[in-house]
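For reference, the structure is listed below as structure tokens.
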């Protein structure tokens, strides 16, 4: 085993995902701390075009094949696994995502590497690597000393700064040859399902009013809608609200939904499950309202209030209306 | 010549009369036997106990027309028509019998001094009553009243019956004037009119027979027709009243023996009394008009429920009786999904207004709950309700909060209420989950705790051992969960030593009082907290230091008022506090449900709702002049009405107060400043 | 079609949890266990597949002291066979240990499909499904929201969730392992009467297996984040709070 750090890059619909840059930034830091190299594993069809963005790395392994055009865990794992075993890096960084999470388990048992998920902090210290992961809905953190062997670590998107991964550089690019017909995968891509055409693209709205279970029932959504109308914004929601059918899928914020970074995110009755936080914690200003003072949303919010959203909203709406009228006159 | 005791001689066509009579009687009996056989398809149920009490029911409700007279505009005409019917039944049967058996001497209207004038007067009254009811039926057209051909036919025939009677009576009196002293007001007047014509005078007997025959034919027609028409209720109502539920209204019948098929949906799974509802129902629509869910636009209709049961019974019953069709079930289509939608069943709040108003004493609720039991058994419950049920099963409360947090409300007190699990108490306070867990109610619970302590009441609570009592769980149809909760609660209560039990929640009060049999066997009495407060105030254990200068109205909770007859205690409390009590138009037994019962508070709204019952009610309160507070004695009322004030924008107009808050204020146990003024948003403490 | 489902008990967060004195584990005295939510969805999806195409649903759970009730509930919902796996473990195993418990079992009892939740709240070392698939050398796809039987024999078509509301339709050759994110409909309700009936009559197979000894990750310490740390908490009546929040909005020039 050497001291290198390998990052498995992720791309979707023709673009490298932000998690890739987060991992690059953190991977570079840890590789330097260990005295090893940062290597990026890049699979795709025509993946070569991404190499220019991978300046943070020392080396890039590119494997191109039609089977890699879309992410299929089977295909990727059967290729990455043997390569990793051969290279024996210290650390393999993945995103805790639709891509990375699939690979994490498969690679762990196929290659015999220990693995850790939901990582939010990572550092190298005197040759050892210490990772902190979140569990129990973000209510508890676990600090783990990684074993002295090749270990896979999946990081929660939004944990590391992507800017640190967007540096210019000139990595060595090694093209790996993929024999035709390889890899033989028992899972085949059929098609991409687009989200239903939405009325609003919430990723482009500067003020978002987020609603969660604390709003209690669909009728109360009108309060959120009134507020967002008064502020010229849009209503979005956490997963449970979407699952109930109160709002369409395009309004879902979180791991499986949209990732938003508005100027203002108002969270009403949202407890702050990690999956949701992932989608909005990078908002410029977050004001959270929840009746539970221990709600995890308060750990990412800039301002918080412990009060029933249903009591607060009518008053807030009135206040905004009054101020708007004063401003107009 | 047939010998006859009638001074007028025999009626012509005696043989034809016999044939028609036997025909009509035969049709009548055949139909009645058929209907009884249909009823016997249903499950057994013992309603033959306490015969004297049951007979009294028939006297009060059927003969006394008690519930009919609740709506005077239609009640009085109906009562007149009904009594007229009874009188005419006697009179015409006597007359018919006399005609069939001329040799017998039967006290007919012709010769009986009392019956004769009575029938005479009633004929007119009935016509008057018909005129009013027709006016209401065809001109005013109230909601829920179906304008069927059957009803029109029957009303026309009754009118014809009266008219033919008066006519032939008039002619009879021409042919055979009455004895002196016997007074036939209308008949004699008509006789006078007819006598002015010589031709009529000469042929009076002929005309007498001329109108006698149609009258009798109509009567015979009725005999055969009645059991086929909506007027079957004439026959069935006395029975439905006789066999009505004698026990407390708040006790739902437990499901029948077979635990694997809970509830009812197939005809044979209903009891015969439930099936009898279908025949007794006159489709008057009182139940529907008084139903809060129906009024606000939800699909719930008690009348439609009974009607659909009848449709199902008449449609598939015959095949079931014969069992000749290929399938043993007679090809019976499922009731739910075809005639009755699940939404109809879920929109019921179990307020009992329908049953309490029903003149034939039908029990809509038991049918509805049995159908709900079947839906639950199939797992067909909406997500929110399912969540509430899962929480109840796992945590003992519908909020999904830990059992360990049940007594967190006590932390705001500067004393610790007695722990009834550890020491004996005189009064066990069974709080109910809303009082313990709902953030808006904790302050109210604490108020009551302080008030009772000031009155030196020896009370205690169960702390974390208290679980949901199961009232609404049972009414939602989850009988198994109800039994589980009851078992756990009884086990806890068995280990507790107390004399009396009271609750702040009428739902809890209802089920502990009526559905926890072991609890009430002589040793303990179950009360609502308003009863306790009334007693404390009247005996001076609680001293009013400040008479409250408010104008207040009071909401009678369904489970306290209609279900258990407690109307006065809360009013005694209010009067003792010095408030000016103003009643809403719909009060006491007419009180409008807040819409939260029957598990509705755990469910989504159903259908296109234009005005929730709670909103309608707060508007009714707000319409009272200078009213400051709507006083409540039920936590669900408190929650529903506070929300309704917000959605109707009436927050500045009036505020909601629980009786404990008012008592606390009047006895100096809460600073005046803390009391919620109308307009202020309740602060969550 | 033979569908196997693995169910795991996790701490019920409604009851809260506390970290024990060692600081390395959760205090078991404070914990009540409940079925992992995504496992419940996996069971529901399995039952839906069975209702559509017929077959058998077998549910497995590692015995940690209270898994039996969960297995019986699964039977009440319509599962055909329940197996309580006793690996003589002292506490709830991590996923690597669990994978080593189940892999040999499934080698003996082959399935067409193996379903389980894609993630449980106490997962630290990856999805159990992926780990088992790796040991058995079977295909694995995670974050599934829909499973349909494929047109070709011995295959399924699945929908895998991606961010932004996107999803991918994939075809997998059986036998395969799937990590379920959500079933096509919420997990069904079991009326208590049926459940109580089942409790009396249900038969749960008890399977004794050798205790595996993998090398688990060493947790140095467990800690809770400070409450509200990060957020500047506002206080006051709802009236006052609404004014404060409105002020914050105005400060940021976000008022129209």
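So that you can tell them apart, the chains are marked A, B and C in the order they are listed, and the count of residues begins at 1 in each.
Operating definition for what follows: a residue touches a chain if its C-beta (ideal position, glycine included) is under 8 Å from a C-beta of that chain, and two chains touch if they have at least 3 such contacts.
Because the structure is a prediction, the values reported are computed rather than measured.
Averaging Cα atoms per chain gives one point for each, and the point farthest from that of chain C is the centre of B. The interface holding more C-beta pairs in contact, when A-C is weighed against A-B, is A-C. Put simply, the C-alpha centre of chain B and that of chain C have 49 angstrom between them. Our note on geometry: chain A versus chain C, Cα centroid distance of 21 Å, whole angstroms. Averaging Cα coordinates per chain places chain A and chain B 59 Å apart. Of all residues in chain B, those that touch two or more other chains are 383, 681. Looking at chain C, one finds that residues 186, 238-239 touch two or more other chains.
Shared interface positions of chain A, i.e. residues touching 2 or more other chains, are given as 307-308, 311, 315. Residues of chain A that touch chain C in their complex: 12-13, 70-74, 97-98, 101-110, 114-118, 130, 133, 135-147, 152, 154, 185-196, 198, 206-207, 230-232, 243, 249-250, 252, 255-259, 263-264, 266, 279, 285, 287-288, 293-294, 296, 298-308, 311-312, 315-316, 318-320, 323-324, 327.
Taken in their complex, chain C has these residues touching chain B: 14-16, 34, 186, 188-197, 237-239.
Note for the complex: chain A touches chain B at residues 217-219, 244, 291, 307-308, 311, 314-315. Chain contact summary for the complex, chain B toward chain A: residues 383-384, 439, 604-605, 646, 681, 684. Against chain A, in their complex, chain C makes its touches with residues 11, 13, 17, 19, 26, 95-96, 99, 118-119, 121-135, 137, 139-143, 157, 159-173, 176, 179, 181-182, 186, 215, 217-225, 227-235, 238-239, 241-246, 248-250, 252, 254-256.
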